[in-house]
Structures are given as C-alpha cells and as structure tokens.
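Two complexes, one shared chain (subunit A), two partners (subunit B, subunit C).
Right after this comes the complex of A and B.
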C-alpha cells in the first residue's frame, strides 16, 4: 500500500476548534441534548451572494475544506471525497415539509437541488472548478472512514496526488428531534461535560465538518500518517476485540506500542459497553481519550478523532478534558482510533506521527 | 485490453420484471414498463408517467418473508430481492468463505417511509420504528444484514450516478486486493419527495419519455434495484465459476458546471468516457455499443450527445440506445440496472432498443438504435450522470 499522509486538517465542531494556535484550551459547555456547531467567520471563506442559499452543512463543508487546503498549501485537489450520514438534512426537511403541509404545491427547486447527499462535494467542486473524481459516502458512522479508504485506493492508483477527504453532518429542526422520540438522543437535559456519568440510554447530538488533504509524498510538512483504516458493519464486543488485535498485529505492532487510544464513548448506556470492555481489558494500561462529550454525536463525529490525533502530535500534549483514565504517555507516536454507532458501523484506524 | 474484474452474478427488479429473466423477456419484446402511478398518492398522478414496480409493500414483505414488525423501507426491500437473486446466480452459499463486501448506491434511502410517517411521529409511537430509516445508510444495513455480510459495507450517494460509482469502487477494491468478492449496485424506491423534486425542475414528461429525440419532453421517474457480484480471479479459478462478463473500465469525473445542469460541451461526460477507455486500455473504436444515460431531458441528451461526438467523432458513433424508456430513470439504481442490461446484451449479442424515438436532435444529428438488433457485442460502454456534476462511465467486456 502507498503511504497516506495528512497534509492539512480543519474541523468545525461545537467547540471553537477553528481558532488558530489552540488545542481545546477554551471549552464551551452545553445543557441541552442537541446543540449546534460553533460558527467560524464563514464570510472569510464564502462570498455573501453564494452564502445566502447555503445550508449549514454546505457552509461548514466549504469553509473546512478551504482551511484544510490552505494548511496543506494546495490549491487544487486531485479528488474530492466526502462522507455524510444525513447529508443536507435541513433543506431535505424543508422541502419535505412543504410537500406534506402545502399538499405538493408552491414548491421551488432550490431546496430540492440542495437536498442531495452529494451537495457539499458538488459545491466544493464548483467553487474550485475541480473536474476530478468526486464521490460521497453515506454509511452512518463509517461515512468518513469510507471516504478515507477510497482515498487510500486512489493514492495507490495515482501516486503523487492530493486528495480532499471530508465528513459533514448538520442538525435540522424537526428530524433531529425525532431521535429524541425514538430514544437515540437523550430526553433529559444533560450537561455535556458530565456525559459519561449518565445512566440513561441515548446520546447527545450535534453537527460539524472535518476536512483533510491527504497525499503520499514524504515531505516535512506532513502532519501525520494514516497507517491503516478498517470498517466493519456489525460485530459483537468479542469480535471487535479480536479485530483490533488482528489490526494491530497486521501493522506490526503490539498493544504496548499504542501510545493512546481515542474512543467514541457517547454516553449511551445501551452501547458504551463496547468501549468500556476495551478500556477494562486490552487497553487498561493505555492512555484512553474521548471527545463526544465536547462535540456531541453525529455520523461523521469520528472524523474529529483524527483532528485530535494530529493536534497531539503537533502540541506534544494532551488536554485533560479528553482523558478517560489517568494513564499518560511520555511521547505519542502511534494513536489508535475506535468508533461505532449503536453497535453497528465500527471503524478502527491507526495514526502515526511523521 | 485490460482483463478487468469478473462478474459472476446479477439480480434485478424493475418495472419491466421481477427477475433477470423477466427483464430480458421484456427487453426482447420491446415491452416498456411505463404507466401511471398506482401505489403512491400524489396530486401529480395524471401529470406524469412512471416506471413503477406493481407490487405493494405488503407483497414485497411477503415475498421476502419479513416479520410483521419490520421497519424496512421500499428501497431496502427492492434491494434485498435484487441482491438475493445476484447471490443465488453467483452460487454463493457461504458468504463468510471469503472477504465479502457490499457497496450500495441510493439517493432517497428510506424517504418513502419518512414522508409517509413524518407528521405522525410526535403522536404515534407505533410508527417511530421508521425514524431509524431517515439516513440512507440504513437501507444498505438492512440489505447487508439480510445477506449476512458483516464486514466492509458502505453506501455511495452521488444522485443518479450512485450505482456506477458503487460498481467502480467494488472493482477497485478487488483490484487492490482489499476484498475477494463484493456485491455492488443500487436501489431506489419511488417517493413523493423525488416526484416533487424533479417536478420543480420541470423535467418530468407527461408522456412516455423519448430519449435522444428532438422533441423530448423530459424523463419518467422509475424505481428499481439491481446488483452484480464481482469476484477475484482467484475465486473464479478455484471454484471454476461461470463468468458473465468483466468490468474492465471505469471512471468518475466532475462537470464542475452547475449543481444540477450539465454543461453544453459535456465536459464531465467527456472526461469520464475518456478515462474509462484509458483504464480499459482500449481506443474508442473498440466500443461495440453504448448504453447511454439518455434520460430524455433536453439538457442531458444534448450534453451527453455532444460529449459522445467529442469522444467518437461524428462518423464513428457506435450503435447506441437508452433503455430508460423501458424502466424510467431509476436514479441511484440506474447504472446497475443498465449494467445488468449490458451484461444481457453481451450474453444475447443483442442491442435493446431506444423506444419512442422519432426525430434526431437537430444540433447532434445522432440516431439511436430503435429496434432489437442482433450483433456480435464484445465491449459495451455505459454512462451515468448525476446532480452535483457527477459523471461516471463503466465499460463491460465479454467473458
């Protein structure tokens, strides 16, 4: 396999993660079970005329993609590969409500045009006038990882290319709240920083966009290497343990070589046992980190774990707000990421310092 | 010529048949599946013609053998039926015997259930089981669970080119040695959402669609699911599998012109066809037949035709036809429906007709094949384009 380096990465989340020269120094706390992303100044990246018609997902996606390109010092990517669990759900919801409440009358095309899952990828291509490969993955919690796997294939097929990979999901007024009704999101108000002391089912929901530019050239500007990524649709806790062991062995490592594991604990009493089992067994002596109490759960939330990994390499420091246990590594070279959503769509990834 | 990736199974359900055999018999008989809409209530019923599968959800549930309390969308059920047929044809009895993946394209996913129950969720707990079908990946999960595929499972949603990109990704995964076997294709059930969406774009015809005709009035929406099984050479050899054909070329390019419209010069389509020919290691003259995207919208056919003139040259346009007048435009499933049709064309040495055509588009002067044509076919090129500027081309070759 060709090498796969992160050359630039940017993340818009419910925390002020786009503020430069900071690594989670300032934390915003939330009291609700659904909360929105903390907006950067979109005007710096998008012309006002274009912005008027853009939904949040498009604004976040276009902005994060520009930030990542800038960091990578790349003007034109050789492919644009996005992942999104729900796509442009705000415009989809508005269009659907007009159909249902106005009896299929007085509809305009704009909302429909912007409702498709690949709107963000299409808009980025339009903005960059980029005619290259362009695909959108919509596989729940592995949407972003599916995009990385495609990019890895492409780096093998076309060496020396720079590929934009992104994950975007937005909250919509009504359809996001449906997940309170079906129990996916907690009914009660909850303080996000105390997420893991919750004993109820469901999680907290939010939105965000994480984009990175990856390539296989070995340059001094590379931030991290994505050594390997694997997705698995369904697995028991025991199967996941076995998969992770195989994954680590396949990459010629032992558990002791993992300097930190970034886990996707989301406070859902029914499903966090996947993470807890790993915390208590395979990785009991490993530094354990989590992040969904800060940025909420959404289908592409796991993309933020990649951002965290790159920041740890860059700052040589782990903010305490991320810690799940009191183990601390002196140095960080190999960071393992594991995530799933409601027991399905598992992903395992290994990041390595460049 | 590149040998490509072996195809060992195919399955389909569309408005012209519930199985591959039924689809073939409708194609040979030039018998379209375009009618008025019967299964969805909409005020547009008398203003559009559609390619609707005349089986109610209850009938589909019975056919599959689902429990009463299931929460499957129509998109999932159609997908299960088609994928199951593909697996049976590929003689797969132990899904775990090799590293097996599943890649599905869909545009609406479970929208049919969302639009049916959206206004009831607040009051009626009994329908809340459908909330989980809001995200498109749920559809793929339903089908994967039914097939027992638990490893690499993903969904592509690039509007009307979704299944082409799913087939392309599957071929690349096998080529790279990341999977031994993968079921690829797409599924989309009919929904009020898409009917109204395409309605606002004013591209739905009130008559049977007429691809590549000067007086074309727009497309007929359809619903379908189709999947093919791709297997590594190693499995084909070891198990002495019958190969139906090969996917030997693929490409995806972006028109980067407009969110929904195609550029006048067909730039994205041109780039996709050109690169697919390069991957297949062939020149344009090797193409025996083109199964065009041919939606019958003024914009698509003009843009695609222009791109074909650029690729092949006016004097050397291969035999071509759009099969959308049979099935309607089945959106995310279209490319896999047309992959199955292309494999049938290779198998039967027959070009299926472009129905309802009368007058060539003046600016193009291109005439599609309008009757069933018996002809030795070795290499077929198939186009699929979608919103977001997504243009994809696949090339299928004879086994």
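Right after this comes the complex of A and C.
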C-alpha cells in the first residue's frame, strides 16, 4: 500500500477548533444532550451569493476543506472524497416538511438539490471549479474511514496526487428528536464534561466537519502518516481485541509501541464496554484519550480523532481534557484510533508522526 | 400596488434566502437577474413556485418568466392582472 501523509487538516466542531495556534486550550461546556457546532466566520470562506442556499453541513464542509487546503498549501486537489452518515439532514427535513404541509404541491428546487448526501462534495468542487474524481461514502460511523480507504487506493494508482478527504454531519431538529425517542441520544440533560460518569443509555449528539489533504509525496510539510485503516461492520468485544492485536502486528508493532490510544467513548452505558475492555486489558499501560465529551457523537465524529492525533504530533502536547487515565507518554510517534457506533461499524487506524 | 410591491420584496427575500438584503435595498425597477439582485436560474424556478403558491398564477411556459421577472415592479403589475388568490 502506498504511503499516505496528512498535509493539512481542519475541523469544525462544538469546540473552538478553528482558532489558529490553539490546541483545545479553551473548552466550551454544554448542559444539554444535543448541541450545535461552534461557527467560524463562514463569510471569510464562502461568497454570500453561494452561502444563502447552504445548510450548516455545507457551510462547515466547504469552510473546513478550504482551511485544510490552505494548511497544505494546495489550491486544487486531484480528488474530493467525502463521508457522511446522514448527509444534509436540515434540507432533507425541510423538503419533507414542505411535501407534508403543502400537500405535495409547490416543491422548490433548492431544498431538493441541497438535500442529497453528496451536496457537500459537490459544493466544494463548484467553489474550487474542480472537475476531478468526486465521491461521497455513506457508511454510518465508518463513512469517513471509507473515504480514507478510497483515497489510499487512489494514491496507489495515481502517485503524487493530493486528495481531499472529509467527514461531515449536521444536526436537524426533527430527526434529532427521533434519536432521543429511540434512545440513541440521552433523554436527560447532561453536562458534557461529565459524560463518562453517566449510567444511562444513549449519548450526546452534535455535528461537525473534519477535512484533510492527503498525498503520498514525502515532503517536510507532512504532519502525520496514516499508516493503516481497517473497518468492520459487526464484532464482539473479544473479536475487536483480536482484530486490534492483528492490526498492530501486521504493521510490525507491539502494543508497547503505541504511545497513545484515542477512543470513542460516548457515555452510552450499553456500548461503552467495548472501549472499557480495551482500557482495562490490552491498553491498561497505554496513554488513553477520548474526545466525544467535547464534540458529541455523530457518524463522522471519529474524523476528529485524526485531528487530535495530528495536533499531538504538531504541538508535542496532550491537553488534560482529553485524558482517560494518568499514563503519559514522553514522546508520541504511534497513535492508535479505535471507534464504533452502538456496537457496529468499528474502525481502527494507526497514525504515525512524520 | 405599493403594498403589493413591499409584500413581494419580503416574499422574495424569504423564499430566496437573501440573508443580507433588506426590503429597502431593492429598488422597484432594479433588474432581478444579472446586475441587479444577481439572481440565477434556480431562483427563477423558486419565483415560479412563489407565483403559484402565493398568488395562484401558474406559468405553463417557464420562458414567460423572463419577461415577468424583469423587476419587482413588473412582477407586481403581472400579479395584479393575473392573480387568482
């Protein structure tokens, strides 16, 4: 498999993660089970005429992609590959509501055009006038990882390409309420920074966009290498432990070589045991980090773990707010990422410092 | 007529999500497309739906829109003559 380097990365989340020269120094706390992403000044990145039709997912995606391109010092990517679990939910809801309330009459084109899952990838391409390969993966909690795997395959076939890869999901009023009703989101209001002390089922929901530019050219501007990514639809805790051991071994490493593991604990009492088992067994002596108490859960939340890994390499520092245990690595070279959503759509990834 | 023109401006701003534009920013005779408000072909489709939903005017030939959507004033004149609600 071709080398895969992160040249630029940006993330818009419920935390002020777009503030330059900061790595989670300021934290926003929430006392609710559903919270919105913190908005950067979108007008700096999107023309007003284009922005008026954009839902939040599109605005976040277009802005994060431009920030990543800027960091990578690249104007035109050779491909745009996005992942989203739920796509443009806000405009989908508005479109469906119009069908319902206007008795299937007077349907307008804008909401329909903007409600498809590949709207974000399309709007990025339109903004950049980029006619290159453009694909969107809709694979629940492994949507972002599916996009990375596609990019890795493309880098094998077309070396020296620069590929834009991103994950986007947004909150929408009605479908978010459904997630409370079916128990995916906690019914009670909860302080996000105390998420893991919760003993109830469900999690806290939010939204965000993380974009990165990846390529296989070995340059001094590279921040991190995505060494390997694996996805699996369904697995028991024991199977995941076995998979992670095999994953580490096939990359010629031992567990002791993992300097930190970034886990996707989301406070759901019914499913966090996957993470807890890893914390208490394979990685009991490893630095353990988590992030969903800061940015909430959504189908492409795991993309933020890549942002965290990259920032750790860049800043040579781990903010205490990410820590799950008191183990601290002197140096970070290999960072493992593990995530799943409600016991399904597992992903394992290995990042290495460049 | 003046009331209809103001109402139309409000509906256009709302329907087309012209976030940074106020009613007072739109001159009655400003062209809606091109140099004026800078609307595009998707907006034209939105305006066709607006005419039908709000005023009961059904444009059977979308090419008619080119003449009707010249400006807010021209739209208001057309609505006055053809409205069914």
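The criterion applied here is as follows: the second predicted complex is superposed on the first by the 354 of 354 C-alpha atoms of A that agree within 3 Å, B and C clash if a C-alpha of one lies under 4 Å from a C-alpha of the other, contacts with A are read in each partner's own complex, and residues count from 1 in each chain.
In this section, a residue touches a chain if its C-beta (ideal position, glycine included) is under 8 Å from a C-beta of that chain, and two chains touch if they have at least 3 such contacts.
Just so it is clear, the structure is predicted and the values come from calculations on it, not from any experiment.
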Per the contact definition in the header, classify A:108: touching subunit B only (first), subunit C only (second), both, or neither. both
Between subunit B and subunit C, whom does A:126 touch in the aligned arrangement: first, second, both, or neither? first
With both complexes overlaid on chain A, does A:137 touch subunit B (first), subunit C (second), both or neither? first
For A:49, is the partner it touches subunit B (first), subunit C (second), both, or none of the two (neither)? second
Across subunit A, the partner (subunit B or subunit C) reaching more residues is B
**Asked** Can A:197 be said to touch subunit B (first), subunit C (second), both, or neither?
**Response** neither
Once the structures are superposed on A, label A:41 by its partner contacts, choosing first (subunit B), second (subunit C), both or neither. neither
Margin query: Per the contact definition in the header, classify A:256: touching subunit B only (first), subunit C only (second), both, or neither.
Written below: neither
Dual-contact residues of subunit A, meaning touching subunit B and subunit C, are 105, 107-109, 113
The residues of subunit A that touch subunit C in their complex are 48-49, 51-53, 102, 105-110, 113
As the complex stands, subunit B meets subunit A at residues 42-44, 102, 106-107, 109, 111, 114-115, 118-119, 121-122, 125, 128-129, 131-132, 134-138, 140-141, 144-145, 149-159, 165, 169, 172-173, 176, 178, 192-193, 196-201, 252-260, 267-268, 271, 386-390
Listed in rising order, subunit C residues that touch subunit A in their complex are 15-20, 38, 42, 45-46, 49, 52-53
In the complex, subunit A touches subunit B at residues 80, 85-87, 89, 92, 95-97, 99-100, 103-105, 107-109, 112-119, 121-123, 125-126, 128-140, 142-143, 146, 149-150, 153, 156-157, 175, 178-179, 181-182, 184, 231-235, 299, 344-345
